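One structure below.
All chains are identified by letter, namely A, B, C and D, in their written order; residue positions are counted from 1 within each chain.
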Amino acid sequence: MSSSDLENPDQLVTSTNPDHPANLIPSLCAKFWTLGWVTGTGGGCSIREDDLVYIAPSGVQKELMKPADIYVLSLAAQEASLKNRTYLRSPPAYKPSQCTPLFLAAFTRRGAGCCIHTHSHWAVLVTLLLESAPGDGKLFEINNIEQIKGFGRGFQKQGNLGYHDTLRIPVIENTAHEEDLTEFLEAAMDRSPDTYAVLVRRHGVYVWGDNVHKAKTQCESLDYLFQLAVEMKQLGIPWISDIPVVKPTRI
Amino acid sequence: MSSSDLENPDQLVTSTNPDHPANLIPSLCAKFWTLGWVTGTGGGCSIREDDLVYIAPSGVQKELMKPADIYVLSLAAQEASLKNRTYLRSPPAYKPSQCTPLFLAAFTRRGAGCCIHTHSHWAVLVTLLLESAPGDGKLFEINNIEQIKGFGRGFQKQGNLGYHDTLRIPVIENTAHEEDLTEFLEAAMDRSPDTYAVLVRRHGVYVWGDNVHKAKTQCESLDYLFQLAVEMKQLGIPWISDIPVVKPTRI
Amino acid sequence: MSSSDLENPDQLVTSTNPDHPANLIPSLCAKFWTLGWVTGTGGGCSIREDDLVYIAPSGVQKELMKPADIYVLSLAAQEASLKNRTYLRSPPAYKPSQCTPLFLAAFTRRGAGCCIHTHSHWAVLVTLLLESAPGDGKLFEINNIEQIKGFGRGFQKQGNLGYHDTLRIPVIENTAHEEDLTEFLEAAMDRSPDTYAVLVRRHGVYVWGDNVHKAKTQCESLDYLFQLAVEMKQLGIPWISDIPVVKPTRI
Amino acid sequence: MSSSDLENPDQLVTSTNPDHPANLIPSLCAKFWTLGWVTGTGGGCSIREDDLVYIAPSGVQKELMKPADIYVLSLAAQEASLKNRTYLRSPPAYKPSQCTPLFLAAFTRRGAGCCIHTHSHWAVLVTLLLESAPGDGKLFEINNIEQIKGFGRGFQKQGNLGYHDTLRIPVIENTAHEEDLTEFLEAAMDRSPDTYAVLVRRHGVYVWGDNVHKAKTQCESLDYLFQLAVEMKQLGIPWISDIPVVKPTRI
């Protein structure tokens, strides 16, 4: 970030490159709105490029968002002083997102490049089904579904999960104020260091990835699996199965 | 409204500003059609700016509506003479919407800036489920779902509902003629002064807000909750729950 | 139709007017594809203007159809000689639709201006539910739903159905060849002279109207009701109810 | 393929013709993404024109794919040397699709011109329902549904299936690595020589056709039938029925 940026902070969100975070967040959020993930200003999205963090504001209609609506902050400055958050660039008409400390947790603790928060009702239904099932309902588990391959094997690990691997997504309880979720999200990251997502009971899901591509496709794959899980439950099919491994016979 | 407007009423619906009500109603209605809210000319939308009320006509295909199709009336003139409704501007090819007195009720009794009427089948299904459940079925209640935060706390109150608050939407019985719903809608507003919506049994829902942004996002959040409620019923999960409050441990 | 048309039949499908039938059929069919009504080249659409009948061809991907793909025939010539159907204009690459005699039945027997055929799976599911219910399953009936108002009262009758009226759609059994449905569709029209639609078991629905607007909005309203009916069945709510009439108390 | 193509392989994917395979694959995949068939980089699509095979790469967001992302290989060269696959043209940023040998099987063993692989959750649910039903669950069967007519009668046979015919789609078990499916797909083709599709348990479906039009419309029709089958199961309606043939009475 050059000093000229600070003299004119709007430069931070002005670019003709469609892959610039200030352009990408609005186009992603419009897509997420169509998928029913960010209904009624719910949910959000943040992208990190090196030290700069771009965040959609609070209370915006996600399908109508514009680059000029984006907040920008410095991750380094943020870590030094969590209490008094300052923004390199703020939009004139909005308030900062309550999701901000949760996005920052993904960036600082997992080195994520993008974090997406959805209110997808498939995610909410999965947390409700777990709540009413035996056990403490604090872990979503599914295995033997091809789409599981859409997830990385874990933090600082190479490669993706396999078809027979069990995908495990921790569930945390919702709090009255969204920023109060932060400590529970961080604790879930500590307990499940390889997860790329945390479900929030009766609320939705946070999904991240090393970059925009991975966060977005992992979020899609997860929503696919949540929908499948709800439909499997309606049809009486268990999420965890023990099926034989099929091996090729050719050499 | 200047006298020149009255000399050329079409000026009232002619603007290059996409946020002008005569442009906004068609673009909103096209979006609502895609969401299945205004199928087959059902439903409608009205925006108030100060004294001027803009209303989609009756019987129009909502995804094809144009600014020239919009009615305009004066709220003040309306209140003085309800029986003989006159329009400042009428489209040549359509009839006034039967929803008009219901929209006016939201504007005059709640100071709303926008009112949306949908035939969303999630709304209809919720009223059917309430009808066949024990009790008089005249109140939809749901709590402990994050999306509830999408609603204002109530008429002339500051702030929004919280996660643990119970959202309550009154249900009125449908009448043979839509304008006859008006007195029942007004009575429901009197009984539930803080509601921003009224369900109509076997028909749909009326949702309003202080402005277009609030009416539209509250309508989206409500439809999300109606869909969730139907799916929860199919999965045997109750709409009202008693769950512990999770408090942050950090100071 | 002037003689010049016959000298250059392509003129019959060439117009810059978006409401010309040769332009309207492709734009309607693209919309129907998005709604899941004409999946995999299924379904179809025909518009009549005076003596001229415009028909989508057989086997075309409905969302990709172009004006040049449209067949045109003369209704008068058709009636005089049903056996040897001749077309005023034929596209070079396609075959005539097997739906043609069914569309013509709506035009000649009901004076319809437009007829739509969908394979909507809501329509198919309704016919399957009726098949497995007690009775002969040859009539779909629903009442006390607001969307019923979207239908005309009947052939050569003024006005629309009311909220408390029962909408009745006859069901005919499917035949191996689509054109063989014609006599059964015509018999259903004779038995139910006021219907604007006929369901075909395990196949879909034919819906018509006096003009494109009415056929399209009636088709939408019907699909809405079929979807609602399937969901009501899943939730144990009957399609026919006996509810009290609510009358306004004001004078 | 001229020698100039080999000198400049990018020519193989550069064309202003929207029906060129390098343009068609991205536009088809964008459509499939909207249908939920290729969520999170899952699924794929390949087109063959004479000896040239065009394939979408691995790991690409399907709705964002561009012609420059496409692989091209020679079918003849491929058959001669399966082990060391070489590409006439490779995109700079991606890896070859693991679906490649499965697409090639459709091209070489069935003379297909296009093959589509989806992760449609309707397909996955059908394989799960079959798995938990009596029998070996290795065949999906449905009859007496109009949409069945959307399928060709079989390999090197003329015409399409009829309404009363039973559509049979073999199911193979999923393997840990997608390319290992190839031998099982080929064996299913041998056992069911007339099928145009093979379901993969807990994974999705492969569908092919003589050309793009047939592969795409057969894939649509099949997804329609899978969705219908899941809904029929939820409503207690069997997939196979024995219903009387309705014959026309007119001569």
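One rule holds for everything that comes next: a contact is a pair of C-beta atoms (placed from the backbone, for glycine too) under 8 Å apart; a residue touches a chain by one contact, two chains touch by 3 or more.
This one's a predicted model, so the numbers in the text were calculated from it and none came from an experiment.
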{"item": "Interface sides of chain A and chain D: same vs different residues, half threshold", "value": "different"}
{"item": "Distance between the centres, which are taken as Cα means, of chain C and chain A, whole angstrom", "value": "45"}
{"item": "Distance from chain B to chain A - Cα centre to Cα centre, in angstrom", "value": "32"}
{"item": "Residues of chain C whose C-beta touches two or more other chains", "value": "234"}
{"item": "Touch relationships between chains, expressed as pairs", "value": "A-B, A-D, B-C, C-D"}
{"item": "For the chain C and chain D complex, residues of the former touching the latter", "value": "36, 39-42, 61, 119, 121, 124-125, 128-129, 132, 173-176, 180, 183-184, 200, 202-204, 230, 233-234"}
{"item": "Residue ranges of chain B touching chain A (in the complex, touch as defined)", "value": "144-147, 150, 162-164, 213, 216-221, 223-224, 227-228, 231-232, 234-237, 243, 245-250"}
